[in-house]
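The first chain written gets the first letter, and so on, giving A, B, C and D; residue counts start at 1 in each chain.
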Amino acid sequence: MLNAFLFYFFAILAVGSAILMVTRRNIVHAAVFLITALLATAGIFLLLQAEFLFVTQIILYVGGIMVLFVFVIMLVNLDVSLQLVQFSRQRYVAVALAVVLAVQVLGAFWVGRTSVGAGPAQAIEAKNTEAVGQALFQHYLLPFEIASILLLVAMVGAVVMGKRRI
Amino acid sequence: MNHLIPTAIQQYVLPVLYGIVIVAILPLLAGYIVLMERKVMADMQARLGPMRVGPHGLLQPIADALKLLIKEDIIPEHADRFMFWMAPVLSVGMALLAYAAIPFGPVFQVADLNVGLLFILAVSSLGIYGIVLGGWASNSHYSLLGALRSAAQLVSYETAAGLGLVSALIWAGSLSMKSIVEAQYDRGDWFIAYVPVGFFIYLVGSIAETNRAPFDLPEAESELVAGYMTEYSGFRWALYFLGEYANMMVVASIATTLFLGGWLRPFVRYHDHFPGTSVELLDIVPSLIFLFAAAYCLRLVPRQPVKIQRMVMAAVAGLCLVLSGVMAAALLASPGVMAGIHGAFWFLAKVFAYIYGFLWFRFTFPRYRFDQLMRLGWRFLIPLSLVNVIATAVAVVVSEEWGLHPLASALIMQVLTLGVALWLAGRGEEPAAREPQVAEGD
Amino acid sequence: MLPIGNYLFLSFTLFTIGVIGVLTRRNVIVMLMSIELILNAVNINLVAFSRYWGTVDGQVFAIFIITDAAAEAAVGLGIILAFFRNRQTVLADEMDMLRW
Amino acid sequence: MNAPYFLDHIWLIPLFPLLTAGLMLLAGRRLKNPVISVLCVGSVFVSFLYSVGAFFQLLSLPVEDRVASKHLFDWIPAIPFHTLAGTLGQFRADWGFQIDPLSAVMILIVTGVGLLIHVYSTGYMAHEGGYYRFFGYLNLFMFSMLMLVLGNNLLVMFVGWEGVGTCSYLLIGFYFRRKSAADAGKKAFVVNRVGDAGFLLGIFLTSALLGTIHFNEIGPALAAGNFQAGDPRILAIALLLFVGATGKSAQIPLYVWLPDAMEGPTPVSALIHAATMVTAGVYMVARMNMIYLLAPAAMSVVAVIGACTALYAASMGVVQNDIKKVLAYSTISQLGYMFLACGVGAFTAGIFHLMTHAFFKGLLFLAAGSVIHALSGEQDMRKMGGLAKKIPVTYWTMLIASLAIAGIFPFAGFMSKDLILSKTYEKDFWLWSIGYLTAGMTAFYMFRLVFMTFYGHSRVGHEAEHHIHESPKSMLIPLVILAALSVAGGWLSWPEILGGNSRFIHFLEPVIAVPHALRAEAARGPGSQTGEIYLMLLSEALVLAGIFLAWYVYIKRRELAERLARAFGGLYDLVYHKYYVDELYDALFVNRAEDLGLALGSFDTNIIDGLGVNGAAWLTRFVSRLSIWWDTWIVDGSVRLGSRIVWVFSWPVRMIQDGLVQNYMLVIVIGLIGVLAYYFHLAHSMVH
């Protein structure tokens, strides 16, 4: 009951702010709405009892990546860009194609509607963080290392990109 | 106290009650921290500071709050009204939200999340938006620059501070604030004894995160009028102010919980009881402190010039007496109550000590240049904190595998880390922000 | 927990919105943000299924995805900054130096 | 045959300086001064040791075959051809070295004096820029000079000859920022070219006539071709070679470069323009004595020119005020003496005087350099005076050198000069009288120099007065050693009359191919001994008179000098301006050369450029117009046509590949849709 209420609250919040994010003319507003959407997503995670991911989502996405976005937006923010046309020439084609894609996915849902349900009610372990840590550092150690290397490379790349003279 | 309060109330009513209390008290505390700041600054500069409103300016914060409340509220032209309204609320709200997971005592805690610390970090990291959006929304160059600076600064120092905390977390073995404190109780020593370097890193990082001097670049009055707060006035400005001081208390609480043993009394493992009772000697200290405070105030009463001030002073003395009585009475109450009340006292005492350190730094250190700030963060603190984390992990493994005493292994590794720190400091000297020198030819 | 279909539908909706955003907005930053949105939709999917099967693998994958998102954001924004410094624009259809 | 070690390794002697020279000129800039000093002086010192070793091993050989040669490798292989004499000759030249008493003496002088002057330079040049450059050139010079004296054929000798010329040019122009120095260098170079031309022609003629240029083969060739004395072809050779000698050794008419050469640093003047290089001509004449003995006319030309140069230069030396100029003219005059000796057939006496002159003239220059050093660069004697007390060592050495050059009895100069004079007297009275007069003038101007510099009251400028200082040890020690040599150097051949046995002369004898007539005369021994004694006394008297005159004019009654100068105003001016010879040469040769150059230049611009080049250019432009047209319309046209075709047919690809990222994303989505569609199709088919 409460679960359902929270879910719909978060879902509507996420979808609404996502739509606003895509349609806003002002980039900063778009960023703020994206942040809202991300926070709503974090709420969804919390509902799914993934506390660690909930926190990670907030710290990394909202507290890190989006700050970066806002930072860059403020660096490159052009008032003239507010007056320009916001959508590209291919918008109608694009929307049409997206709708086609959506229809296909819905079809997929329709095909598999019978198999999705409450699912096997697993006894969710209380210590989510420990479980994630175990999985991350034991079973997924190699991907973890690869991800760390990826981050290193990304960092170097960002530094190079950020240099005044490339 | 579980036996005398039904669980339903414990689950739903108490947290709300705590929340209300926090939200109600916090602005008052913030105001008095401001007063404390002004007094300390005056003392360090051989002045008196506020003396007029109330005896020794004791009522100054209230007066300030009233003044700010009734000030005209200006919204600059072409400002983004929505953002302009939202930003201060955001910064205060996030600061308040962070208190949800802070344990002021064994029981005095809104919610004991098992990712409590991460939750606090996450929420306080959201406070950035309050500053950035506010600076952007007020449509002014000073504000925008301040916002950008603070964004860069916070992102830079969050990493170092978080890693500094991790070194303590490794010893604690848990993310829940409560169990962290209990871990310190079990070990018998506060974690500052295990990871002093980590504590130092977090100290610096937290100063930078709260935009306090010497890292107050975002509101450097000598460069950008007031940084992101330039266009704000009146109540919104007061909200920003409140947010800043609330943040100070948040970081102070985190430091207290992770490094300074939270609500634990000093020498918590040192048991010596009154004959025939289970009350420990050192537990009298709080009530004694308040008793002395009351005596001091009473001595000050007759010196006040005006009658009203004498009355206020007397009232303060009475308050202190009451508190001392409460502390004393708690000794006789059930252990749970005693632990709760004294825990709150010790916790707040440590928090204020930490904040006093903040004030001290502010009045003694000159402000950094921005490139120096960045260099300190990226080229000294972050490498050092990484080394510190690794060293701590090694220390834990050593103490577990070879049975070496944890404190000993930890301190050995800390010494090594200090060596690294010295090397980093020496290496960080060369100017990173200057133009490359022209290589003189043959 | 609610039937997993709800979560799937939510993530699908977000995904579609993100796709539309990527395809239609001219501003590269908004395109990047839409990509973040898509990644989030995927995350919701993963977490929902991990809850569904009662294992944490999905969450681990979500963590990896967040990592990649961070990397992508860093590099992408760096590119955008460099480009803006040289061309004074952030519009996708003006980034046509690869045009025939 | 295995020659003794040093004789077998004489080719190493020039090598050491060459190595250090190369090092200096390639990498010297990076070396510290002490390193440079050690390397360069050390290399010269090693060469000196090898020379001494070679000398003594040569002495150890029996008198008749005191000659050793070392053939390194062929340079020009044997080329058979018909000589002018009609015989079949083989022209060949190789990198060969030959050492006999003559070259042994020369290498001893070159390396010994050179070593001393190197040491001196380390002190003198200590504060100059281009230290490494200086020593690089100096060592290069040592190399070339040693090649010159050690070569066993005329071509190697010529290599050394040109090498020393180059080094002299480089070192005269060492202070290349001073225009006068640069000009002096150029002048020396050009004047030497004239002489070298003659020398080269002489070499050609030698090889053409005798079919060989190897010293040890020329004599036999002469004998084989039994040329008679006075053969015009031999005469031509001798005169041509002598032209080269006059160029290198600054004889009339090619002496003009030597005075200007004093622009170079003083050690250079001492080493190159006094001690060694300028004596190359004398050495060459002595080396080719077999030719000259067959050309009496040439001999007399040599003698006359030598005598005239001696007198002429001495006369100019009398009036010079620049201390180095005086020494320069005295050098010329002493060289004249040497040629006089060679001209009268007393080659050994010439070489002997060459050696003693190397000692005392080197000493004079070094002492003068020390004076200039002390006066911080002052060279005008009128601004000196009264230095005897202030710089005693320099003073005493200078005095000894002056006595030596003047020819006071026990000193070296006396021995050599009187030997020359007596030999000349045997030959011809007038030549002797010229030489005699010159000796007096030498004494006069040398002591004029000494008195003006060291006696009387000081005329030094104030700021220079303050830091007058004796030179450092590194400069004084060579002075002292050279002083000792210029005292004792002459005793190597103490005249028979004074109970000596002129060993040096006899040591050199075997080099000189004495014709029968002369040998008979030599057998009869020198002329009446008493006559020789009288000659000595006469010259001593004249020398003392000259010294007294100098004292009287420049110490006793100082105003007399100006009075005399005014009295003989015209003559004085004439002499003071060096007889206007430079102006004459300018008028005769330099300006004519300029006119020729101008004429050629105008020809070049008008005829060659105007007609040839510009015409060709016009033609080229015209043709290129045509080809441009062809290129644009035919070649490029076809290319553009092709590209246009490709452009037209490539539009579908272009539609997809338009570097717009969003279109790419669109394509991605399309692909996604396609994949999903295929998946549905699969599921559908599975259902059925």
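In the analysis below, contacts are C-beta pairs under 8 Å (C-beta built on N, C-alpha and C of every residue); 3 or more make two chains touch, one makes a residue touch a chain.
Since we're looking at a predicted model, the values are computed, not measured.
When the interfaces C-D and A-C are ranked by how many C-beta pairs touch across them, A-C comes first. Once the centre of each chain is set as its mean CA position, chain C and chain D turn out to be 86 Å apart. Chain centres here are Cα means. That of chain A falls 6 Å from that of chain C.
Chain B and chain C have Cα centroids lying 36 Å from one another.
Chain A and chain B have CA centres that are 32 Å apart.
Under the contact definition stated at the top, the residues of chain D that touch 2 or more other chains are 662, 666, 669.
Looking at chain B, no residue sits in touch with two or more other chains.
Residue positions of chain C touching 2 or more other chains, listed in rising order: 19, 23, 92-93. Here the touching chains pair up as A-B, A-C, A-D, C-D. Considering their complex, residues 654, 657-662, 665-666, 669 of chain D touch chain C.
Those residues of chain C whose C-beta lies close enough to touch chain A in the complex are 1-10, 12-21, 23-27, 29-30, 32-34, 36-37, 40, 43-44, 47-48, 50-54, 56-57, 59-60, 62-64, 66-75, 77-82, 84-85, 88-93.
Residues of chain A that touch chain D in their complex: 88, 90, 93-94, 97-98, 100-101, 104-105, 107-108, 111. Against chain D, the residues of chain C that register as touching in their complex are 19, 22-23, 28, 31, 92-93, 95-100.
Within the complex, the chain A residues that touch chain C are 3-4, 7, 11, 14-15, 18-19, 21-22, 27, 30-31, 34, 37-38, 41, 44-45, 47-50, 52-53, 56-57, 60-61, 64-65, 68-69, 72-73, 75-76, 78, 81, 84-91, 94-95, 97-98, 101-102, 105-106, 109, 113, 116-120, 122-124, 128, 131-132, 135-136, 139-140, 143, 147, 150-151, 153-155, 157-162, 164, 166.
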